[in-house]
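Two complexes, one shared chain (subunit A), two partners (subunit B, subunit C).
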Partner chain A sequence: MLDRAPRETQDEATRPVAFRGGGFTPSAGRTSGWIALILVIALWQLAGSAGWVNALFLPPPSAIVVAIYKLALSGALWQHLSWSIMRIGSGWILGTIAGVIVGFGVGLSTLARGVGITFISALFPIPKIALLPLLILWLGIGEEPKIATIALGVFFSTAISVYSGVDAVPRNLIRMAQSFNVPFHSIVRRVIWPGALPSILAGFRITASVALLLVVSAEMIGAQYGIGAFVLQAGNLMQTDQLLAGVVILSVFGLVVGKGINLLETRLLHWR
Partner chain B sequence: MTGFARLALAALLAVAAGGIARADDVLKAKIGVLRLSSSAPVFIAQDKGYFREAGLDVELKFFDAAQPIAVATTSGDVDFGVTAFTAGLYNLAGKGTLKVIGGMSREKAGYPLIGYFASNNAYAAGLKAPKDLAGKRIAVTQVGSSFHYSLGLLADKYGFKLADIKVLPLQSLSNAAAALKGETVDAALLPVSTARSLMDSGGAKFLGWVGDETPWQLGAVFASPKTLTNAALVTKLLGALVRADREYNDVVLASVKDGKAAINDNTKPMLEIIAKYTILPLEQVVGNCAYIDPDGKLDVRNVANQISWLQEQGFVDKGFGVDAIIAREYVKAD
Partner chain C sequence: MDLIADHISHRFGALEVLDKVSFTVRAGEVVAIVGPSGCGKSTLLQVLGGLLQPSQGQAELRGAPPAGSLNPLTFVFQDFALLPWCTVEQNVEFPLVHTALGTSERRAVIDDALRRTGLTDFRSAYPKQLSGGMRQRVGIARALAVRPAILLMDEPLSALDSQTRELLMEDFVGLLADGSMGAAYVTHNLEEAVRLADRIVVLSRRPGRIREVVSIPMTRAERGDINAREKLLAIQNDLWSLIREEAIGAEREVQHA
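Right after this comes the complex of A and B.
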């Protein structure tokens, strides 16, 4: 009995088996995404050209391209883009700086944690758009309320992702640095900052999209130029082709920002 | 067995015939309206049963902005729409998805609807009358809205350029009111209902009414081309509306003095109907009575002017005129 058992296992072990443990490794194919995109656009165009759907309800891609081309030709596109980039950029930078500072504070100090988390939880879910009349009363209708709307939206997401990043830094690394009597500012700079960076950058990916989302509500406040103002005006005037043109510009903008953050990640996180 | 089959057949026929007969008798229709007094005749015709007497089973669908009514009419969610003209409505109509079939509210001298209001600082600095608005910063809700067009008419009347005014679209009435109260704009165009609370609290100064400066055709009744193929339905609906238009004129508008309707035994029942549908207290309804032509006529020349103005400004696609969007067989022009 005893000497038969290992023999049986040996028999099985000698049976050749193909390698099974490959895991699921979805790799981003170079072509499949583009082919799917082109197929969807082709179908959409066909539906429009063949008259299956009313061009008013769903303008075909060709109409959207024409609308963008006309916009670029008239020079208004650059005006809209530069105003929006200015607002998104300054709002995002302000919100991010404040969010990183508050996030580190909440992650490192007991007092800041108690106060900060309470306020973040209380204020984060307020829809910024509901505050527009108040923002107008406080800040007028110049650039300040528009930038403030974006900065507010960016601030909360950044603060949350920064303090969860700080919390996730392995405790033993911090304790070791403390045991070696490394000064506090060095621990923050050399241990906590790099340790929290992956989650901070993941937060940037979200806040960049939040800033793009909020530019439309920000430009509700008396903006004459800006992609958000353009989308709103097209919606008000029921110019659906121009509306979708604005949406396409916004999503291209989102793609570009996403690529930029990819680049930043490979630069800053090369040690991973 | 045959007896039972005969009975069943007879019953089936009776039901079918009944169905047909009912479809002949009562035509169903859905009307999209705003809860504003500028749609008063629709409420009166519904409440006093004028639609029912004309053989219509009307259901009112309430919206909170003018634009969605035009969109809902286009998409067939409502059969008729009653609301103000907007650039969006003309853009839809220009694509042939809806047509105007009758007139509704108008800006007219003596009947306050939209007003020009100045901020306290701008008023103190010399903005005292609508003609002083040239060169000022003025809040409106949206570009191409009734408010924007009213400013364009004012510019034409006093011979200044609209480009001299800085028009600031703030997307909603509450935003525009906040900007005026916060002194970040010099003036704003607001409907009387929004402006009243602002004036009472000392947040703004009254400059004048659009109706007194530049009368124009504000609202209309419109329908989709599919609805227009049912001539009996359209004729009956317009007939019931004109009956209500006339009664509203004879009773309510005839009593308007200094912009306010009188509350007496004669007017009260009708004012109460308007109060019920607009969900406003009676005291506010009397100061907010839109002028509506007693015959439901449409100021076609003004509509043509609106279209060409909006086309010049680039808010409405070029290439169509007033004739393309009006159902001439139904519209009574003046």
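Right after this comes the complex of A and C.
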């Protein structure tokens, strides 16, 4: 009897309860992004082929592909790319090592926090490319000032993401480890490092973009080889197909680095 | 080994939390600590476990720890405090890694702790894959692995649903049955306190002072008997009458804050 509604309500007309719980759960479709990209490229190609836009100002995608092919055949692509990769790699590694050390220092030591946060807060907002002339004065004309500029840009973002990550490690996990008399170095290695890793990897994503931005800027200011220098030269000579080829190469480079970080996250943060 | 709270007082800034709390958890004895919200139960447990330096007084140990004990005072946390990046087995192994145990000995200890808590089949699972009750079992297995003299349990069942709480309570009764381990058991739940404890320390509203120490006049085995329920319920009611007014006051204070 309990599961039956009273007789008088059974006789009344019923209507379904309106669903109102939809939306607010966007998910990236697997194919929609690719379809949109292909459509845009197709439209761009059509505009170029039909003469709707001047190829001097916006060469069609086919011309850019040809330019990349010719660059690859001539060896110029690898020459420019290898210089950029060398600068990014060196600057990123140096900045990351320093940033991780300083970030952990600030995250774990009261003294380092007091001193470190003051300096990081004061120096972080400075556009690092503005320091390139000064670095040239200090380090001479060569690779060092460009690498130092990238390293500086990477350092500050890394240090901030590392100490933010250390701060975000749940204190209860640290107290738990202490309650088992786990030594300090083991707490850092087995609790704080893995706990801070999500923030550190998120920082890597940012520093990869910062490094790419700075290498292009630095190469535009003072380099013979490198993707930034190549793009600038192409622009000066109105070779817009080559200019855009350089831009596409930068975009692909950024995508590859992003995929690499995704892979790293998948492998290291599989527990999330 | 006995654990002694010796005139422990503590304040957070201007907030006086504990005031001269003294009692002893004797070897193999289970002492529940109850009181209204904010009376300093968890703070007291942290002081007892050496995780918080009291403003005055101290926690002391008397006697030698049991043979083979790797961590005489071991916490079981309310929120489990499991390392999310470690499997069940790795979580249980965590406190053993820096000890002098050899690999095979360590493996045997882990296997034993997992078996005692019914986790053998879940050794490769990550905490996120487990229910709340299973996570707390991992916390208990980790505690058992270091062969504690005294378990310090900070509301270990409060984050769990009532059915899981009942099952884990049965586990606690079983684990503490042989008297090889003592426990200081902080709880809001008077039924838990009455079922598990040999003595119940009742704290007053903040600053926490000992209002009364209530002894349970029967063994834990006897408490399972149907005839004992009435007596336990009477003790529980007495405890509630001790706490009720202050619990109301504490709740209003929290709401006001």
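FYI, the second predicted complex is superposed on the first by the 241 of 272 C-alpha atoms of A that agree within 3 Å, B and C clash if a C-alpha of one lies under 4 Å from a C-alpha of the other, contacts with A are read in each partner's own complex, and residues count from 1 in each chain.
Basically, a residue touches a chain if its C-beta (ideal position, glycine included) is under 8 Å from a C-beta of that chain, and two chains touch if they have at least 3 such contacts.
None of these values were measured; they are calculated from a predicted model.
Legend: residue contacts after superposition of the two complexes on their common chain; A:126 is shown touching neither subunit B nor subunit C.
Using the contact criterion defined above for the overlaid structures, shared-chain residue A:183 touches subunit C, although it does not reach subunit B. In the superposition on chain A, A:136 makes contact with subunit B only, while subunit C stays out of contact range. In the superposition on chain A, A:173 makes contact with subunit C only, while subunit B stays out of contact range.
By the touch criterion defined above, A:222 reaches subunit B but does not reach subunit C. Ranked by how many residues of subunit A each touches, subunit B and subunit C are led by B. Using the contact criterion defined above for the overlaid structures, shared-chain residue A:237 touches subunit B, although it does not reach subunit C. When the two structures are aligned on the shared chain, A:38 is found in touch with neither subunit B nor subunit C.
Of the two partner chains, neither subunit B nor subunit C is touched by A:53. Within the superposed three-chain model, A:271 lies in touch with subunit C and out of touch with subunit B [touch as defined at top].
The touching residues of subunit C, when paired with subunit A in their complex, are 49-51, 71, 73-75, 77, 79, 81, 83-86, 94-95, 97-98, 126, 128, 146.
Of all residues in subunit B, those touching subunit A in their complex are 67, 70-71, 74-75, 86-89, 91-92, 95, 97, 139, 142-145, 168-172, 174-175, 177-179, 181-182, 184-185, 315-317. Of all the residues in subunit A, the ones that touch subunit C in their complex are 170, 172-173, 175-183, 186, 190-191, 194-195, 269, 271-272.
The residues of subunit A lying in touch with subunit B in their complex are 54-57, 132-134, 136-138, 140-142, 220-224, 229, 232-233, 236-239.
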